[in-house]
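In order of appearance the chains are A, B, C, D, E and F, and numbering begins at 1 in each one.
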Amino acid sequence: MELALALVIGALTAAGVYLLLRSRSFDMILGLTLLSYATNLLIFSAGRLVVGKPPVLKPGVETVLANYTDPLPQALVLTAIVIAFAMTAVTIVVAMRSRADNGDDHVDAGGEGMP
Amino acid sequence: MLELLLALPFLMAAWVLLARNVSRRTTAWLAGVAPLAGLAILIALTPAVLGGEVPQVSHPWIEPLGLAFSLRLDGLAWMFASMVLAIGALVVMYARYYLDAREDAPKFFAYLLLFMGAMLGMVLAGNLLLLAVFWELTSISSFLLIGYWSHDREAREGARMALTITGAGGLALLGGVILIGQVVGSYELDAVFAAREAIQAAPTYPAILALVLAGIFTKSAQFPFHFWLPHAMAAPTPVSAYLHSATMVKAGVFLLARLHPALAGTEMFFYVVTSVGAATLLVGAWNAIFQHDLKGLLAYSTISHLGLITLLFGLSTPLAVVAGLFHILNHATFKASLFMAAGIIDHETGTRDMRRLGNLRGLLPTTSALAIIATLAMAGIPLLNGFLSKEMFFAQALEVPSDTMRIVVTVAAFLAGILGVAYSLRFVHDTFFGDGPRAVEREVHEPPLFMRAPVGILVVVCLAVGIAPAWTIAPALEAAARGVLGPDLPEYSLALWHGINLPLLMSLGGIVGGVVLYFGLRRLFNVHAIARRAFGRHLFRINTRAVLGVARRFTFRVTNGSLQRSLWWVVVAVVALGLVPAVPGLLASVEAGAGQPMPPIGWALCVLLLAATATTVALHRQRLVALIVVGAVGLGVSVVFVFLSAPDLALTQLLVEMVTVALMLLALNYLPQESLKSNTRARRWRDAAIALVAGTGIGGLAYAVMTRPADTVAGELLARSLPEGYGSNVVNVILVDFRGFDTLGEITVFGIAGLVVHALLRRARIAATEVMPGEPDRLPMPANLSHLLFPFALAVSAYLFLRGHNQPGGGFIAGLVLAIPLLLQYVLLGSRYVESRMGFDYTRWIGIGLIVALLTGVAPMLLFGLPFLTSGHAEPRLPLIGEVPLASAMGFDIGVYLVVFGGAMLILSMMGTVKPPKARKKRVVTLPSGAEAS
Amino acid sequence: MSPVLDIALTALLAIGSFFVLVGSLGLVKLSDFLKRLHGPTKATTLGVGCILVASIGYHAWLGDGLALGLREILITVFLFITAPISAHLMARAALALAPDQRPTLPDGETPEAPAVPEPGEGSAGGDGDGRG
Amino acid sequence: MLQALSPHLPVLPILLPLLFGAVALMFERRGIGLQRAIGWTGMLALLLAVGALLAQADTGAITFYLLGDWPARLGIALVADRLSAGLVATTTLLAVACLLYACAGWDRRARHFHGLFQLQLAGLNGAFLTGDLFNLFVFFEVMLIASYGLLLSGGRGARMRAGLHYVVFNITASTLFLVALGLLYGLLGSLNMAEMGARVAVLSPDDAALVRAASGLLLVVFCAKAALLPLYLWLPNAYARAPAAVAALFAIMTKVGVYSVLRVYTLVFGDGPGELAGWAWPWLFWTGLLTLLLATLGALAASTLRMLVAYLVIASAATLFIAFALSTPATVGAGLYYLVHSTFVTAGLFLVMDLIRGQRGRAGDALDYAGPLRRNAPLGALFGIGAVSVAGLPPLSGFIGKALLLDAVPDGYRMWVWGTVLLTSLLTLVALARTGSQVFWRAEPWPADVRPPSPPLRAQWAGAGLLLAYGIGLTLWGAPVVRYAQAAAQQVLEPAAYMQAARERTPQIREPSP
Amino acid sequence: MNRLLPSPPLSVAVFVLWLLLVGDFSPGQLALAAVMALLLPLLAGLLQPERAHFGRTRTILVLSRRVLWDMLLSNIEVARRILGPERALTPGFIWVPLDLQNIHGITALASIITLTPGTLSAELTEDRRHLLVHAFNLKDADATVAEIKARYEAPLKEIFP
Amino acid sequence: MTDIAVLVALHVVGLAMLMSLWRLLRGPTVPDRILGLDTLYVNTIAALILFGMYLRSSVFFEAALVIAMLGFVGTVMLSKYVLRRDIVE
């Protein structure tokens, strides 16, 4: 299970990084979206993988970590999701405006540049 | 007293600047107050100083740095201060008549006074660091003075050159001073003098010497840093007279004298300083001969004389020091008067070019007479002050202990004597005798008396000192020498006549040689025809241009404004700093790690995610398609959350996914439908390679972390959630209680996102990439059904909110469950319709939501003195209904709810209502055959 | 668990998952978009409905309480409300992309047609297999 | 009331701007007058609170504030020590000047200015005060998103493109921050920095490699925010295109990255007994030197006034990295003084450049050719003061900062640091002299047939002047500041005291953690 | 039917929905459900373009039973078709002329058509007089139209007069 | 038996999801992809319910409810985009 999730995280990261390195605003936004999935899964996985023990306390079940999964990474991911959404919204709007103002959705003024 | 002395120039500079509207004469008088009053103070202090006392004051400044405001008036400082003030006063007087009526006199005098103050501060400083402070201040103020005629390119360039060279030296000096301070443990001069042995024995001594001398040599225009000085001649002549005879260039030799007790006496000091001095002496003198510009000749001559002084201090014998100090004074007097005379000539004839001048002795009789006397002093003709110090110099040269150096120095001295006479002759001959003046625009006549007076005064001093040194200059010189050499002064005689000895013969030989040389040279080739080669400036220009070019090229190569490149470097940095060091840990975890087994359904999910991810990349250029495919990735991630015990996360991810799709679709309307291929194949491969490395690394790290035993604070969170956080959905308790502060920040971010979108789109007019013809589609059936759904959605939203503390849900999720159906109404009914029916000011919702959340947190502060966000709990009994469990955290969650709803709606509604540009015509789209507009 | 209930639940689950599978199979197998549209919008909806009924029974039997189980009916209700909206809009979208597929009104009136230009390679058109 | 609030001092610098920001948003439709009143009331309240906080921190106390009354390891704790209080004070003083400048009219043009401004302050102060690593992330985001608004509101054209770069770059960095946080939580099991530090000290070697990797990622994030080589490429354009008051406020933003490095790499990966102790410093030292050099070249090459200042901002951050990387009390103290100085002065220069731009007509920002200039003597003076100060020339604050740093460099590094710092000072001086010469000396007189620009407004003078006056204040009354900085450095380099304060601070009504 | 209670059936539905959601019939929840039932339709009513007017509500039950049964039967048919060879399929469009004019009725009809397998409502003309239906396996167009009108439209006309 | 049936059904639904995904990834037309995504959402509801049965837990109810209630919103917006480009007119 861990291997599968690691695989997914790796694939999402690679895809995200590749798209992030494209030169059109929308491609980068897609890349950032994939990256944020990867990030969320990674943070989430830091609480270790537990099937079927959501951190919603049930009466009569002892409140120890053996019976529930780690809730903290979940809270972190929630915050991360929300912030990522806010950032995506801003990026999209800036991309729209940049395209409208500059007449091109290429992110750089002078075309591509190699480092 | 010393404070006042130092403050005067600065105060008067400010006064001059503030009183801009007074007449030029008043301005000059105000400016004159500083040196005159300063002289008065100095005179008051003179008896004490001559008596061997050293008046001192010290104020703390930056104690941790060792920088104190210490002033100290010993003989050396007294001598220099007198020179600075006296010549300063004369220059002010001169400048009042020199400056043109159109020129900004207050600015000029303010700069001059600023410089005077800096100079005074430097000579009075009793703390080396303070000295360095004033040192740089002289560089800055001289920059302003040299560039005063800023319309003139020469002036601007000269100023920058001077600043660059002397500024560099100043920085080096700062380094040297700090090194001294580290050896001594203090920057106070007395301590530094006392630590002479320690300094010279310190391993950093060579560095100290190098740095300090770098400062000194640049400032006093020693070879090879001398070239800035001639270019500084673009300054108004009073400035040259002041800076380049008496003050700024003397700052270097002053420091040489000042630090002489601490630094001199080693072989290194001797060889370096002596050789540089000798080289400068000759280079300056030789070049002076071939200048056509009066001031250029004087500038090179100044360089030469500064070399002489440096050489003397390099010799380091007590008598050489005395000679050096003496020559400082002498040079200041004759050179200042010569500059002023040159200024008068320039002022009256409109040129300083000796090729056009000549025969001025008839036209400017007084000025000519004065200038000729001063020139003779410069050439070292007996009965004038220059002769005396030159004689002493020759005597010292002959007494250098080392054989080679003695020969070198003596030869240099003799040659310099010859050359000095030669260029003096040229000055006198080409200006005042012969034919001319040629091609002079103005009618030449004597300037006002007060412009000649300063020259006269200085020439009188030259004569007085030259004729009766013992009566005039001896006490001052003695005091100054005591400042350098300490109380035990060597035997020396300032008499005019020491009998016929080798120095006298050298002097005479020099004079003869000079005359022969000058006329010989004139015979050999036309001095006038020799092109003025500004080799130094050329070099400086080349260097500046080279540095600038390198900077430009480099900067452009590094930062070409490409975002891709920035991001590429981030990825590289991640790999280098984060992934490479992880390799041993990863290998270990792969060896040790054994994950949990997974059912086939899990693999199906994994395949789903991988396939959708790969397809996103493959199809990313077809944007709509990519968007749909990404939707599958998002759904897959939500399902992962569900399976791995995170219902809240799954809910949030799902809802955010929906809103994100809306957002992207709204944006896609204003972006191209497709990405153009704009990257080369090589670059795609390169990016793919680094992306794979990054993916492998991050995936590997995740794997390593997942397979490691955990040791977290989570157990405690679980245990305390219900009894202290009053909720059984621990994730929600964390969000609104344990880490409610994070959530506060998070909703702030969310709200701000709404504001930013609003700010960016409110007045924006953006053309859609494609405009569909016809009226907006009305979709009555979907609208109707979705409307049926709306109250249910409201109920579900309320349900999720109320249950959130104990079951999956909460303010954020509920807020989106409220927003999405409303968004659907926007989609199906159009924004105008929705907003006409529900006129929401979403910005305000954000504000209110934030305030609600804040007040919930603040209440326990104000009511119980408990920290911000401390939660409370109550179970009030209501009639009929029974006990209602209320956690104060729910109030916080209401704030979350409001902000999320307001923010999401603000964003979406703003994006939905972007207006097309006013003037431009809509793009008409050709219809496919068979279809018509409705 | 009583055998009757056990068998009933198993049957429901079997039927439910069968229909879900059939819906997706139609999606994969059929050659034309409008044909494909029929499978998922109905078979799947029904399949999910069956599974939900099974779930209600299952949770009721386990003792989670019928009250809590019953709320799963809501899922079915919402599905039944929303599935037609989706199907309708997708059909419209498909027709808009392939206007020649759309028949004229029987009495000769020209029906209004949402005119949609080709939105660019691949983004909305594709090559369209079959008669698409 | 005041008495009641005094235990809450660490949280007030965050709450007050949040509250006033929210109020400003609520009354946005009531006109600019009310907005300004709200903004200035908030500013005043913040000044009072920050003053009190500074006084408290100056006693040497490390104050832990347990939000929600939870023990630090469970909840989020704010920590006010000398370092954070000092930075909060710097931010606040800077903000006063920026607000002053903006009130000359920019706040009218940029939508939501006052709300965003206050929220940005909340973000900055939060980042400086929090003792929790994830909370640091959150405040980074608050600060950044508010900065997007401030940067882009009312802007168009090239600023939008620069804004896009800025936004995407920062989001990438933030994503990386989250990755690092996820890994660190997975490995260390806590987010409280003191707790994390304690756990790092007792890591097994296998885990150490992973933690080292995670902390490497974190370093990349901070360096990206602080604009360290090779991650500074985004900054010049973004800052050079920002509206003046905003660019001035941004002067503190890179410092947040620098601060985070200092805090995290002394407290969590600091000189404890663990094997990760101080691993980052050598990296930072060398890249700091290189960045300083390149940024100075950038300043030399700058083609616009504001680009020049933007590069100077990078150079100042690089200098700080050098100082902090040497990690002795003396260098860190020098660095902290330099931080305060460079923040004020670069911010002041942004404002001065904007004023100059306004007086140059169509030449505007360009350095490539000398346009006309409407003569204005005080403007030249302000430029001069700023230039002298930023180049590190005597007698202004930059000199004191550099001298402190040079004095403090330990033996082995002296040649490198001195060589670079002195050389770059000189190059900066050359760049500024060139700029001043180009703008003021080469300027043509204002053409008679063109209406001259109106002189700067009083609020603009006040804003720019105030910032430079701070610099002069740092010069004249520098000793207490230097002493404070050195004490702060001492404190920050002794994480043991911090951890002890964390342990000793117990909740008021709850049981402390076992 | 007044301003405070715009749509009693909707209010009832919300009431039931709430109780089902919370799965708790305590007095507190009943009260809350009542509040929701009163409040939410009011809020939602702000957006309602056209109000629903109900005729014979009893027909709803009859219709529901019929629809459910049809769904079940014809789903089996569709499943067979999907699993069988595709060649046997003869899909096609039909225009169903509408007598119903009430938009709610039309919506319901369209939904029912979509939910019952084999047919799918694809479009409603602007004048609301024709519904375009796509049939999965069209044998006799007129018969299908007649069946739709008889089985579904007629009862709907009673419910939404 | 029910427990086994649940597990089997879960896997059958998983298979159905993969089939929907295939259509989503394969296209060829945009409506096909939209349909694929829509079906994937509905399949997910089934999977969630079955998973809840498998774990004997009802915590996944909310997620299923939200998908059932709002999952179609994506479909609506995508279709509207194909129809009009401007999804909020």
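Everything below uses one rule, namely that contacts are C-beta pairs under 8 Å (C-beta built on N, C-alpha and C of every residue); 3 or more make two chains touch, one makes a residue touch a chain.
This structure is a prediction, so every number in the text was calculated from the model and none was measured.
**Student:** Under the document's definition of touching, what chains do chain A and chain D have as common neighbours?
**Tutor:** B
**Student:** Please find the path from chain D to chain F through touching chains that uses the fewest steps, and give that number.
**Tutor:** When the steps are counted carefully, the minimum from chain D to chain F is 2.
**Student:** If I average the Cα coordinates per chain and compare with the overall Cα mean, which chain comes out closest?
**Tutor:** Minimum centroid-to-centroid distance belongs to D.
**Student:** From the mean C-alpha coordinate of chain A to that of chain F, what's the distance rounded to whole Å?
**Tutor:** Each chain reduced to its C-alpha mean, chain A and chain F end up 21 Å apart.
**Student:** What's the distance between the Cα centroids of chain A and chain B, rounded to whole Å?
**Tutor:** So the centroids are 40 Å from each other.
**Student:** Report, in whole Å, the distance between the mean C-alpha point of chain C and the mean C-alpha point of chain D.
**Tutor:** Distance between chain centres: 56 Å.
**Student:** What parts of chain E, by residue number, touch at least two of the other chains?
**Tutor:** Counting only residues that touch two or more other chains, chain E contributes 17, 21, 110-111, 121, 126.
**Student:** Can you list the chain C residues in contact with two or more other chains?
**Tutor:** 18, 25, 37, 45, 68, 71, 74, 78, 81-85, 88-89, 92, 112, 114, 116, 119, 122-124
**Student:** For chain A, give me the residues that contact two or more of the other chains.
**Tutor:** Those would be 20, 25, 28, 38, 40, 42, 44-48, 51-52, 54, 56, 72, 79, 83, 86-87, 90, 94-95, 97, 107-109.
**Student:** Give every touching pair of chains, nothing left out.
**Tutor:** A-B, A-D, A-F, B-C, B-D, B-E, B-F, C-E, C-F
**Student:** Inside the complex, what are the residues of chain B that reach chain C?
**Tutor:** 619, 622-625, 673-674, 770, 772-774, 777, 779, 781-782, 785-786, 788-789, 792, 925-928, 930-934
**Student:** Quick one: in the complex, what on chain A touches chain D?
**Tutor:** It is residues 20, 25, 28, 32, 35-36, 38-40, 42-48, 72-73, 76, 79-80, 83-84, 86-87, 90-91, 94-95, 97-98, 101-102, 107-109 of chain A that touch chain D.
**Student:** So in the complex, which bits of chain D are touching chain A?
**Tutor:** 134, 138, 141, 145, 148, 152, 156-158, 160-161, 163-165, 167-168, 171-172, 174-175, 178-179, 181-183, 185-186, 191
**Student:** Could you list, by residue number, the parts of chain F that touch chain C in their complex?
**Tutor:** The touching residues are 1-2, 5-6, 8-9, 12-13, 15-17, 19-20, 22-23, 27-32, 34-36, 38-39, 42-43, 45-46, 49-50, 52-53, 56, 58, 61, 64-65, 68-69, 71-72, 75-76, 78-80, 82-85.
**Student:** With touch defined as at the start, can you tell me which chain F residues reach chain B in the complex?
**Tutor:** 10-11, 14-15, 17-18, 21, 24-25, 27, 30, 33-34, 36-37, 40-41, 44, 47-48, 51, 59-60, 62-63, 65-67, 69-71, 73-74, 76-78, 80-89
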